[in-house]
Amino acid sequence: MAIDLSYDPVVQDVIDKTSEFVRSHVLPIEEKFAGDIAAAGGDELRLELRDRARDLGILAPHAPVEYGGLGLNMSDRSPVFEAAGYSVFGPIALHIGAPDEGNVHMLAHVADAEQKEKYLAPLARGDVRSAFAMTEPAPGAGSDPAALRTAAVKVDGGWKINGDKWFITGADGAGFFIIMARTAGEPGDRGGATMFLAPADTPGITVGRHINTIDRAMIGGHCEVAFRDVFVPDEDVLGEVDEGYRYAQVRLGPARMTHVMRWMGSANRARDIAIDYVARREAFGGKLGDLGMIQQMVADNEIDLAAARSLLVKACWVLDQGGHGGDETSIAKTFAAEAFSRVVDRSIQMCGGMGVSDDLPLARLQRELRPFQIYDGPSEVHRWALAKRAVGKARKAAAAGGKP
Amino acid sequence: MAIDLSYDPVVQDVIDKTSEFVRSHVLPIEEKFAGDIAAAGGDELRLELRDRARDLGILAPHAPVEYGGLGLNMSDRSPVFEAAGYSVFGPIALHIGAPDEGNVHMLAHVADAEQKEKYLAPLARGDVRSAFAMTEPAPGAGSDPAALRTAAVKVDGGWKINGDKWFITGADGAGFFIIMARTAGEPGDRGGATMFLAPADTPGITVGRHINTIDRAMIGGHCEVAFRDVFVPDEDVLGEVDEGYRYAQVRLGPARMTHVMRWMGSANRARDIAIDYVARREAFGGKLGDLGMIQQMVADNEIDLAAARSLLVKACWVLDQGGHGGDETSIAKTFAAEAFSRVVDRSIQMCGGMGVSDDLPLARLQRELRPFQIYDGPSEVHRWALAKRAVGKARKAAAAGGKP
Amino acid sequence: MAIDLSYDPVVQDVIDKTSEFVRSHVLPIEEKFAGDIAAAGGDELRLELRDRARDLGILAPHAPVEYGGLGLNMSDRSPVFEAAGYSVFGPIALHIGAPDEGNVHMLAHVADAEQKEKYLAPLARGDVRSAFAMTEPAPGAGSDPAALRTAAVKVDGGWKINGDKWFITGADGAGFFIIMARTAGEPGDRGGATMFLAPADTPGITVGRHINTIDRAMIGGHCEVAFRDVFVPDEDVLGEVDEGYRYAQVRLGPARMTHVMRWMGSANRARDIAIDYVARREAFGGKLGDLGMIQQMVADNEIDLAAARSLLVKACWVLDQGGHGGDETSIAKTFAAEAFSRVVDRSIQMCGGMGVSDDLPLARLQRELRPFQIYDGPSEVHRWALAKRAVGKARKAAAAGGKP
Amino acid sequence: MAIDLSYDPVVQDVIDKTSEFVRSHVLPIEEKFAGDIAAAGGDELRLELRDRARDLGILAPHAPVEYGGLGLNMSDRSPVFEAAGYSVFGPIALHIGAPDEGNVHMLAHVADAEQKEKYLAPLARGDVRSAFAMTEPAPGAGSDPAALRTAAVKVDGGWKINGDKWFITGADGAGFFIIMARTAGEPGDRGGATMFLAPADTPGITVGRHINTIDRAMIGGHCEVAFRDVFVPDEDVLGEVDEGYRYAQVRLGPARMTHVMRWMGSANRARDIAIDYVARREAFGGKLGDLGMIQQMVADNEIDLAAARSLLVKACWVLDQGGHGGDETSIAKTFAAEAFSRVVDRSIQMCGGMGVSDDLPLARLQRELRPFQIYDGPSEVHRWALAKRAVGKARKAAAAGGKP
């Protein structure tokens, strides 16, 4: 036991291969789509890229080895995902994009053997995509999951689900859904949710309109999905009845961190583009990159990225130790989401008129990065949770007679 | 002489009519274009809206009365432009968008009688649009105007112009160009520029590709324009030869402020949408608008908008007094551009998932507002100019034996 | 009616004289006290400086002419107070420091003729100082005035007051107190307060310890004051019984703004010292003032000061028009308090090691400026009030069928 | 090799003992000095505290085991120093304050056997204190070490040193000095410096006035020191002649990080005091700690501290691996220094009037923390160095044909 921040050579090899693959193979493809990265090019391209990644031995670094993945823990998958995120198509290629990556993670932890065979195996291979149907339109479950309104009622041999979801990432084209529905209590109660597995062609499931958002790269979009008398047999209940919120936590902490990993890659790219620009571009009798105000932006980008990465390393390690990581993941997510937006905004500013044009991908990266301050819990909700715990601890300490 | 921040009833009437016109007539039209506001709907719509504005007596509040405008000075046009800017189509309707508005301003100050008849009159009426061809691709005139490379050489009866421009707003469909070209000195000298007037169909003028930028509302786009052996007769030289930089200053200070006015309208709208949202939306057992972190964003929006407006009022008053207003316009522009981006970003955050979706126009407004930190002089250039003057004054004071 | 931001020559003359007086006479005295500016040098010095200011015709610019002042309204007193604030001893010299200045303002508006003769006349002349006894230790009236606990009960011929106050500025050495006490309702009610006038030697009034704060310049300190069976005759009730909160508003809005005016002077001085330093100091083969990161700080100081001043001008004008100015004074106060701390912090940073040493007065100015983010309503309370009103307006508009 | 962020039980024991010692023994002593922490109570108290720490087995965790220390590397000493820094007297007690701690580090790396016996041994035991005489008044070596003017000339059997230093921490009462003097080249050259060891009573060394700075806790102050014909024999040259800048780097990187460690402790304390306050304090019908704007400050403190600590862990690990750590230490230092000032400033704001009073130690902690943005290289110099390296790398990559 002692501080160690190095990676095993086996992991380092995956990182290097991923980085090389993204730069030599994925980025040129992304560039061809420039200005139209909707759905990361679609499923056909996705399967092509997947096959290539599999051949290179870098597919699904997070998935269990028995299902064809590399079985890397959170700490080790982190730099791989970051390398993949350098292109918005990279996570698709390695099959580590949201929500599949988080769904693999949850199924590996919660599903029983039959469910693993039926749902996890094809998902881990990338033969199908999946969706996680939790978020609901107002006044349902959004930032406040306790407001869950979609309901499942017990029927003979299974459950019948009714409700409306939205912002369901990847729904269009998904092979199956993990559905969060209330099985006890009332909207506002923080209990009584259950998770259900259902193939996409189950009668009563309808994928509706895409909610157009400023980010465009997510394959399968962010969709409205309606559930009308959807029957789920008992064997497709994921884990225990009424334990849905607990499983959601299993998924959400790590999923939050893998978002940070991937978008760190995008932020790195914005940074690189801007430094390259100011290193070359002349103005005011010299290079832009030698001007103090530009240097300040360069340095602030370095600081923001280093801090985000260090917080991520800490959070992943806590999760790998079996910790809940509530504070660490909220801190890393909140800082990183805001830092990435600062990085890409400074990068735009450094490039002047080019920065706001399509001649550089910076404005596009800004659109992909901005929503992360809202997705996976808005910064305000994470700050509220952090403060509640910190103040709660202080109260307990004070009650115990302690003082700072 | 005494502080007065009120408007004459005549001016107030124009403000009120503009505000009413934009909300009842222009916004509904803009909404029909939602998601596709490119070029503010095009010239046909522009002419329709113009006629309506003219009928209401609010067309061209900045243009001289003798050319059909209302002749308002900077101070008085400010709240009118702000009211018009509430819709991105509003400035088109009142014919006060960039670059026409600034070109009207400059022609009114610099053009001779014949030039006024030929160029200013149809422009002030909105019968034609115009473009101001100054900015050049690297290594030409960008943030540093002294790098001007487009050159005009004296020929019999006029001048022959050669060079390449880019980011020429409104070029596509413009009736004429005001061209900035070097008539003396070398790139890097801060002198020897001249302004030329040329109808768009002058041989040798070619409007090239649109530079796609994140803002979309500008009619006529931001284009590349090539000038190849363009002949401009002596009578179409605007003002004196070699005095172009001086005239550019006449244009740029006020143009900077009218940008602030219009985009203040957009920022107001973002603020209004977000407050309306949080005032209604329930979460965590109450309304979003009653939560402290949301209230902080609401208040910061109020503060940013009030400060931007107050700085604008000051700068306009200085310009109206005949002052150069270098410091005041740089301060107002720099603060406002950054403040507007903060306002719209907070507004997005306040609306959560809706904020990053097309279901609200916030993301679109963010795209229109972001470039203002770069257009009309990046913030860094304004800060550099401000600091240079401030430090210069301190040096003079120190040399004179003064101390703080 | 039209925008005018100029000052009458008479006012300009007071500004210029004040500026000259402070620089040639007051600053050299302040410098002698360097490192020990406690209580602005004490009452003896105060009276000397007052006499000098009276001789120059710049004493008490805010006081009614009939009581020896210059009778300037809020707008006109603003630049005078700012000029005086360039030295922390300046407001003492002109007799415009807190709380006397606000007490003069309130007595002029609320006191009856006899009270004016007894209390206002000697105060306006600066023969005595005064204190405003409102703030109480927890759980009493602090940021939340409704928590008022000091109580006055009706007795024969007057009132008997009991309670404890703290943070009572100027209490030590004050000639009289204005006491805010509850005459109806319970702590938590926003009503039922009354203001009482009482000479400092009234039996039962005890000035206790000074609360040592990071600011040191306030004459009379910030003290604890105990009121034990203090008898106040009916004729010394200020205004109407139970109307104390209303009168407090009469005092607080303007008092907030005069704080901004005075501390703007301190911020100006910090700025000037730092620019002077970087304009002279060599490093890295040039002058500090020519380095981009330093220029950014110089420019940001200019922007912050200009914005604070513009917001102040607006708020004063609204108050002069008879407006309540709740929003405008909260905005100006909140922005200015934070901006001044930024300005002095940047100024320190610009001066490096000298900036944190007593060799320059910057660290001292930082200590005087920091508390303003808390005094006169913490920034959070002003933001809360701003948001409440803004959201309230949106709710009303929505209820009326409006939409943004 | 794999990410590990845990500490060996032996190290954890030192952390725990230090934390317990500081809270139960050191803090109560510090509190007795409240308002007068100058020089951390002086040398007598220092020796008492040292003996106590030695008895507990936590003295000098950084010093080599053969000289009585615990021999902890950078990574392991980090949480110990942080625990000690919770009181400003803690580092004195463990004998890990600046500059002694850095001098021990450098002597252990550079001194020869005799020098170690003569200088390091008594220093490691805490029998004497020491000073590092590098910084000079303008136009000498400050932020720009190359400006070094103090000169050493070769004489028979040794060197003769002349020059003036200032901001020499710990000089008053130091047992010996490490003197940086130019032995080749001219001011402005980045070479030709040599380090010399000299007992404080060497003829020609005069400790002058203390430069009063806003921080007060440093034992021995920040002093001016004059060197007049100071003779240093050849055997007291530290390391090689003309290699002083290289050794300075050996000292500065780690010294920068130990500053971060210690001041992290102070920032933790500010955070704890403020949370304790808002957890108890009632206002507006509830606890301050349940209000959203307060929660935001609580959360931002958590985020800032976590990010600073994570960056520190990274930098220490790089140094422990033998890396130069130029980027990592600059990033950690710059972020941490600014973050600590934000933390203490928010803590003050959270406590309102109490926050700016001496009734809480927050204002005092702010004074100790602010200078760190300037000491050990101002933030601007670190940002400049970071940017220079980043832009330089981009240039090399571009020259090699790479693109981002």
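Before moving on, here are some points about what is shown:
First chain written, first letter: the chains are A, B, C and D, and each begins at residue 1.
Just so we're on the same page, contacts are C-beta pairs under 8 Å (C-beta built on N, C-alpha and C of every residue); 3 or more make two chains touch, one makes a residue touch a chain.
Just so you know, these numbers come straight off a predicted model, no measurement behind them.
Path length between chain A and chain C in the touching-chain graph (shortest route): 1. Each chain's centre was taken as the mean of its CA atoms, and the one lying most distant from chain C is A.
Counting C-beta pairs in contact across B-C and across A-B gives the higher total for B-C. In this assembly, the C-alpha centroid of chain A lies 39 Å from the C-alpha centroid of chain B.
Rounded to whole angstrom units, the spacing between the C-alpha centres of chain B and chain D is 51. Residues of chain D in contact with two or more other chains: 291-296, 380, 383-384. The touching residues of chain D, counted against chain B in their complex, run 291-296. Across the complex, chain C meets chain B through its residues 1-9, 11, 75-76, 269, 272-273, 275-276, 278-280, 287, 289-290, 292, 294-296, 298-300, 302-303, 306-307, 310-311, 313-314, 316-317, 320, 327-328, 331, 334-335, 380, 382-384, 386-388, 390-391, 393-395, 397-398, 403-404. Of all residues in chain A, only 35, 135, 138-139, 142-144, 147, 166-167, 188, 211-215, 222, 281-285, 291, 293-294, 348-349, 352-353, 355-359, 363, 367, 370-371, 373-375, 378-380, 383-384 touch chain B in the complex they form.
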